[in-house]
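For reference, chains read A, B, C and D in written order, and residue numbers begin at 1 within each chain.
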Amino acid sequence: MVSFESDYNTGAHPDVLQKLVQTNGECLPGYGTDRYCESAKAKIRKAIGMEDADIEFLAGGTQTNAVIISTMLRDFEGVVAAATGHIGAHEAGAIEYAGHKVLPLPQDKGKIMPLALEAYLDAFFADGNREHMVFPGMVYISHPTEYGTLYTKKELEELSAICRNRGIPLFMDGARLGYALASAASDLSLKDIAALCDVFYIGGTKVGALCGEAVVFTRKNRPQHFMTSVKRRGALLAKGRLLGVQFDALFTDDLYFRIGKHAVAMAEKMKKIISAKRLSFFIDSPTNQQFVILENGVLQKLSEKVALSYWEPFDERHTVVRFATGWSTSDKDLDALDAALSSVLSNQT
Amino acid sequence: MVSFESDYNTGAHPDVLQKLVQTNGECLPGYGTDRYCESAKAKIRKAIGMEDADIEFLAGGTQTNAVIISTMLRDFEGVVAAATGHIGAHEAGAIEYAGHKVLPLPQDKGKIMPLALEAYLDAFFADGNREHMVFPGMVYISHPTEYGTLYTKKELEELSAICRNRGIPLFMDGARLGYALASAASDLSLKDIAALCDVFYIGGTKVGALCGEAVVFTRKNRPQHFMTSVKRRGALLAKGRLLGVQFDALFTDDLYFRIGKHAVAMAEKMKKIISAKRLSFFIDSPTNQQFVILENGVLQKLSEKVALSYWEPFDERHTVVRFATGWSTSDKDLDALDAALSSVLSNQT
Amino acid sequence: MVSFESDYNTGAHPDVLQKLVQTNGECLPGYGTDRYCESAKAKIRKAIGMEDADIEFLAGGTQTNAVIISTMLRDFEGVVAAATGHIGAHEAGAIEYAGHKVLPLPQDKGKIMPLALEAYLDAFFADGNREHMVFPGMVYISHPTEYGTLYTKKELEELSAICRNRGIPLFMDGARLGYALASAASDLSLKDIAALCDVFYIGGTKVGALCGEAVVFTRKNRPQHFMTSVKRRGALLAKGRLLGVQFDALFTDDLYFRIGKHAVAMAEKMKKIISAKRLSFFIDSPTNQQFVILENGVLQKLSEKVALSYWEPFDERHTVVRFATGWSTSDKDLDALDAALSSVLSNQT
Amino acid sequence: MVSFESDYNTGAHPDVLQKLVQTNGECLPGYGTDRYCESAKAKIRKAIGMEDADIEFLAGGTQTNAVIISTMLRDFEGVVAAATGHIGAHEAGAIEYAGHKVLPLPQDKGKIMPLALEAYLDAFFADGNREHMVFPGMVYISHPTEYGTLYTKKELEELSAICRNRGIPLFMDGARLGYALASAASDLSLKDIAALCDVFYIGGTKVGALCGEAVVFTRKNRPQHFMTSVKRRGALLAKGRLLGVQFDALFTDDLYFRIGKHAVAMAEKMKKIISAKRLSFFIDSPTNQQFVILENGVLQKLSEKVALSYWEPFDERHTVVRFATGWSTSDKDLDALDAALSSVLSNQT
């Protein structure tokens, strides 16, 4: 059965895997102190145009969000996020497990709007009862968002300015950053992001790695004894090479960007196939995740032929589903989707 | 430079790596629900002789200890461990991060002695002030211990009986379990361990995997909604296949046991080499870790030729160091160690 | 300056204080094991009509909410509350400090509506991704709410039925319960509340005590070793008598109910005074807290004569303020308020 | 029955209670912002000879320890304490609940010896594996200790110098500080303590108050937004006046010191009575707690006549018990103890 269920349903990109095989027999120090971690960091620093950035590797997205947020917040602070933000909605309470509140803001297509953020912060700091409330100590955004949408450069500049004005770090969850960077709709480069965010990560798990996220601290703001804090959260890999080698491969010959471009190109083709069937999109996504509204009967039949992700109910008779592309998505997969949709929809009438 | 620094300094055993390569292109569901996780669980259940055991995969040792302990303890409980236990001494406070106290017991060569445990529990439950104290809610042992030593079957039976008598689960940290099972000095089989412990894990990271530990709940005692609790601790891998495939390989054709046997055999040869140099062992270890007392000048010179682990000071002029073997240790490595020792010690005089 | 700032701005009701004085010299055991704690519990059990309820005393509202919620939730659960609920908005993240998420529901005048709760729970348990989300493990309501409003008996019955149907405990924050019970608008007795809630508390701090809340577990559901869990949260008073003596006084000769009736009667008089000035109420509250919309210039001048609480902005030119009555509010205070309002409003024109 | 069970078994000292009565009707702002809190702080600042100290009030000892330690430690740090320290042994894991490890040091009569501390810190910071361990981030001492013993000025100076040399704050738990200051055996004044400690508290609960501890930050080191952190730990009293008024009374006309002197004088008389019976002291305590070894049969009979505290087993036939004096201990009480001891011991033969 062809699958568009997610971008983490196949293994690693072959070039990443090959590097793991090539380096497997080498004897290397543990805990991320090996030469591949160093090499990967150097390559990432070059790619982001920031020679003094501190870079650290972690294994997965929820883990990275929890580690970053909980090591950077102060005791009395919480993290501001869109109501649909991954940390608030789909991480099983990992931020709260670490003791901190996620402060939800209204969202627009998965994004925090600068005006909404400014209004929230103004109101908070004007509130005479604020000492009884959770202080906003970080702003979390995801790019692409959970709905595949993108911040514009202008929006990110405004969010960044608001945050810096208040002395609050801006944190970008880039679990799928490769697909944002590759989108024709995006005017934000990796260098822009590094310049505008205080901390962000370059997601590997969903962009061609077996696991791994590269965290970038852009302002000499890596928490002290970060490795100890990572260990105490159970997030330190003994064989840290597993992450270093993979990111070294991903940042060799622009592999990370090529994976992004491939998946987004596949998604664009998929959009045409879906549009041609006169199906409706729930949201206009320019990245590798496409959200489509299906009649429940169609969904049921399609599920027998195509693996996809249930997203949320649309109305009593329709459901929003997600189709995702990734490094392994092929034209053949798209043909199979086309055929499956045709078959299910023709039976429909 | 030849390395005996640890058992996690090379990559995966070639058979494990090969299976990752073979299965890489397959499209599989995420979060540990794939067929390789299922297959690995079935093979482990067979190996432990317990068809209804619940098995879960996690990425590393500290993570596994923290997840197991914090999901199984009740609010008012802590975990009893030897003063030298990994959770108390070398996990950067991961158990306390999860809100629970490690209750230290005196240790004998890294082990908790049944009499000491019983005395402690008797005193605790007789203490009229116990409601102001942390209740012992689990007993943690490591096998092999942090000093490479082993529990005997009789000791484990006694610890198990004491725990069951009190209704307190017995948890075995088996980060290096393969080396215990392979030791000629051990009279404990995997089936014995499954029968006597309430929960234990079969370590992969240090026994041939890139990462991964297989947790076994032996008494229908897996915490409810365990996957959600794992996720909220940042420990759920999207590509759960990474763990399933590796354990499937480790439990195919007895690979896990063969790795153990190889490393222990290499350690036995190493002991002979070291003994022949009239060096002293800090402790008599029958597994893959050997603890040797070196004069500080010898240590300094040897470090230039052999990678090893600093362990602890012995006295003002001597230091305890660790030599570890693993799946990749070869006769050639041992010859190099022999030569290095000879060279350094002959210069010594 | 006359004060309506809150219901915790004077000391204890004289009868409560007198009992503290009378019993001061007695030598009593610590930690809540004294005879006054026992006597208070017996009186409360009688008042709620539940002879086998478990009752415990804690010092303040936020503490009580955090202790109850965190000892009753399981690891993977959060607590459902109205978006305006005290635990979500004004307790500085105390629930998150304890590791749990507050799951906000839309509110109607500070209340959770049964239909909204049912829809939320239905959607959650139908969601195929729920293992990645925080499970609803308790429903929190406040009565009166943060806006002084009250649940009807029918609403509470419906909420209770929904919760019991799902096996989720219903928890009522009764920090100001005395004012709910005393309101003519309420059709809910203390016995009804005990029968319908799984756990609730009878607030003392804001109803005539110096400090203290009486927690009632109505279904043999007091967490095991509760005293130990209380101590580990820093909430166990050595001189537990301080709480027992006060509640013993509050439940002697219906003092708790008399305080409630007095304050609500004063609030009703106050409403007439305010209405007579043609000022607008933000919400129709039948209890001791009244929320009034003031033009900002009026607010500024009035603040020089009357202590009141800033609540929230209404619009650019108006602010919502709170006037609260309590055991010590007198007719003289109301006359002073009347005069102050007249003076400020006449100058206004 | 006469009681020496503890120093928290009677209510407040009459002068403290009287001040609560006198001020009860006053209308005061909440949360510790009232004039009595201010007045008490001013009086304490004068008593400690430090005009710019930051002072905060909390309700009880375990709460205070947990709040101070958890707001002052950084993420990767734990707190060093004697193995017998209250935070490690008898606070039900409150420090671990806050996420931090108590690092136990060997103790000498309840005290940390400067040499032992220095050796521990030297070893920690020399350990190449320290990034995998809990960093010592604070040193906790209690004065008097849990065994009633006292640090000398020289010892405190040395501990302070070691801590300052390492940049680690020294925290003194002064739950019973009044009895230390009053002891003829002590050469440490309140001013010395303020000068040598980075943070300490002046215990009220066990020295004449109903509840309350006054925390003193001596080095402009009060954590930011401390009130918010206190609230999020459930430790902020709405009627903060309860603490302010009591400490205002305790620091008026040297009441705090007079209570200490009275109780210590009573303890000295008690020691003579006990010595005259040829009973053995477990430890030589110069403060208000006396630890006596009783034969178990004597203990059982004495318990019928005198309330005392079971402390710990001494050997199979003897038990260590504690007799404590306090503000309310009278000569009559001592006479009753004398008579009870005589009666029990004469029957013994």
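Here is the rule we use: a contact is a pair of C-beta atoms (placed from the backbone, for glycine too) under 8 Å apart; a residue touches a chain by one contact, two chains touch by 3 or more.
This structure is a prediction, so every number in the text was calculated from the model and none was measured.
Annotation: C-D is the more contact-rich of the chain pairs C-D and B-D, by number of C-beta pairs in contact. Each chain gets a centre from the mean of its Cα atoms; for subunit B and subunit C, those two points are 51 Å apart. Centre-to-centre, using mean CA coordinates, subunit B is 41 Å away from subunit D. Computed centre separation for the pair subunit C/subunit D is 34 angstrom, with centres defined by C-alpha atoms. Contact with two or more other chains is made by residues 76, 91-93, 96-97, 99, 131-134, 228-229, 231-232 of subunit A.
In terms of which chains touch, the assembly is arranged so that all chains touch all other chains.
If you check the complex, the residues on subunit A that touch subunit D are 70-71, 74-76, 99, 131-135, 223-225, 227-229, 231-232. Put simply, subunit A touches subunit B in their complex at residues 3, 5-6, 8-12, 14, 17, 20-21, 23-30, 59-67, 91-94, 96-97, 205-206, 210-211, 228-229, 231-239, 241-242, 307, 328. On the side of subunit C, the complex with subunit A involves touching residues 76, 78, 89-93, 95-97, 99-102, 104, 123, 128-129, 131-134, 310, 313.
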